[in-house]
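Paired with subunit B in one complex and with subunit C in the other, subunit A is shared by the two complexes that follow.
Then we have the complex of A and B:
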């Protein structure tokens, strides 16, 4: 592990421990589709430098919630697999995994990219539940952006399964894609000292004072945000971070 | 009518692919794919065993954990977290691998093996064992040999090796026998059986598995060598 103080000192000198610029993502940034096509309705694997994340979509029938009888629903879960890092232990999802899943969820849900009405099969009685599960395979920093990208890529890859006599026939996918009108993309900016940087390594994450995840619609509107970390951010800092995130999210979108 | 295969011979394995060193954070790791079943395995440790009363003062302990990703099943979403099936598979995987592994240099520690299934089309515990054995070798532990595993069985009266899901769930009689072996000695380190069959059928099936094991062994050895040549090895099953 690289000491926090070393990373903080480097940041003061406008440098990073792996030689990147502050606004530079690790390479490659790679999206592979249909990595679990036999089992999942949609799936994707995202590589960002050493970080690898997979996401899969399963569709199930459910009953609409009473307050939204004409809408389907989405559920996003994440699990910090002990396979992916010596930091993680077996057990139910910890707070880190819960926050990750909720931030990815918000980025997709609040963008309104997914038409929930079209996920309703019969008002008040039957809906599709879209379940996205996110798993890091190698957790080396910036799980937020890699997971959000993997989740939206898996959704893009997903096809409805065939329905026969009101039952889902999982073996037979149709050609019908998800009612997804565009791809929301997130970018997280980290603050170390008075510097802002993207795509942190795990060591940089641990040395950061604060972070801000911003999700954007295709038009560049902000559709979800989450501030993390212990230190506060000023008004000016927030907007500087949003601007940097917007720029980099545009680049990430091209990888989809 | 006897069961026949259209995509491969009765003694043929599905296409395999193996790669080691796929998870950088781990001390050792591997991906093993057979047909549409894909397993990842990562090895961490030796690290201190907790709780303390579990520590073995004579040698390190091997601990295996098997998990199916929530979207990796053939029907509904698999509920995440351990269940009776996954815990049992973790245990038999441990027993399948332990005989080749020498952990006497690491008393009081645990070596953790994590197996994750990305996609499943039957034979998941066997694919997991193949991946785990590669990951342990990649980690550089002292091993007598690799461990190879494949299922064999009877489908509609016909002995076959490496059953896929359609064969495992074949309506008109199916017997599934996962087997793991130390290929150099032919010793069996895992054997389970579900179904009804005659002693003769059992013998035929096990012989098919023995042949299959040798093919898997070649793919595994090639994957370990390829790590140093930075290549991806892919060998077609027959």
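Then we have the complex of A and C:
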């Protein structure tokens, strides 16, 4: 509802419409675990200001792909629920939902945090498929960061179910966690005019010229990136944005 | 002799009995069934002489004739502007109601109001099927340039305005911002600097949050004074 021009004018004056600093996240940033313990192997709810995202992990047996016979697989999907924002309609996933799912997927996959080899039960015959579903409950901006955080939190929360006679008994979880060696976290930096800001509201997202989502490993190495928006970015801008994202991703990691 | 069954300012739900007997009359948010007056909404009871009404706690904007609203232009056609006023249907502003200026035949209507522009307009007619006509002929009705738009619940607009505009007047004086309140819950705020606008926004958010309590003016006054000092 806040006009685009207003946000751009404010950015020039070094201000944001809700009074935050450019590098300030909305409060509270909350991660709740096991919000759907009865029906999912792992779940988490992330709150970032008004934005709320729920992620769930389901495990299923499948056959390994022929090119990776010793590895399990993960699948991440996102759906923009019509109840989360007036902008979304029901139906097949739109371009935003697909991008969101792919960016979260890449952040986790390319960090190599999840040991795919350990997800394989029998080479070439049986593997675990990890399915992560992301549902924004209230889409009030910055779904990328909230979803990435929810997905990794749900994965951290997930436990393998019991297996009996080659059948999965979903009702009886074991104590065995996912083969997750660390927690990759991503942070998105938006560019409005010549200013960089994090955790935009929906109005700020619509007024932004470009955005860059960067995923980091625990050591702070960049493991995935995605650029969006209409305007291009220069070399120096990309470096500045990655630096800011690294700093903020560190703060987000503390919430896990 | 009729009898009240609830106290004034108490919160009721649909189906609650409000009054008994023919001495009391149902007004907004209430209806009569045999000799009882029954609530049809979740809200606060207000009693005005013989009238019993329920003021809803929340709800969407329903346009009424002569409401001043803030709308966003969503489409421009051959002879009309279509304006989103926060209702299920877009309002229509015809060419003759758009401006007092002379519009030449074949002129580009988007030069007056383009898609995405915010305007202050008056609801000139609401048809039986809830089609809305709006007009921009009248004092104070204009295109909004600069400033921000805040959306609040339309039900709470009377509290933001206050008695004879006392509440909004107080915010204007304390922050030095220009403020226009639309009946549809959209509020335009424009000030000299972002801090003033933010203070006005926070004050309005406070009113929306605490709309149901009495002595709200004092609370807002205190808030404004405290935060004005902090700047």
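Assume the second predicted complex is superposed on the first by the 256 of 256 C-alpha atoms of A that agree within 3 Å, B and C clash if a C-alpha of one lies under 4 Å from a C-alpha of the other, contacts with A are read in each partner's own complex, and residues count from 1 in each chain.
One rule holds for everything that comes next: contacts are C-beta pairs under 8 Å (C-beta built on N, C-alpha and C of every residue); 3 or more make two chains touch, one makes a residue touch a chain.
Quick caveat: nothing in here was measured; it's all calculated off a predicted structure.
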Touched partner set for A:57, first subunit B, second subunit C, both or neither: first
Comparison of subunit B and subunit C by subunit A residues contacted: B
Partner chain in contact with A:236 - subunit B first, subunit C second, else both or neither: neither
Which superposed partner A:17 touches (first subunit B, second subunit C, both, neither): second
Partner chain in contact with A:2 - subunit B first, subunit C second, else both or neither: second
Contacts of A:43 with subunit B and subunit C, given as first, second, both or neither: first
Complex contact set, residues of subunit C against subunit A: 116, 118, 146-151, 186, 193-195, 197-198, 201-202
Residues of subunit A defined as touching subunit C within the complex: 1-6, 9-10, 13, 15, 17-19
Residues of subunit B that touch subunit A when the two form their complex: 22-26, 36, 38, 40-42, 44, 47, 65, 67, 69-77, 80-82, 112, 114-116, 118-121
Residues of subunit A touching subunit B in the complex: 35-41, 43, 50, 52, 54, 56-58, 60, 77, 79, 81-86, 90, 92, 131, 133, 135, 137-140, 170-171
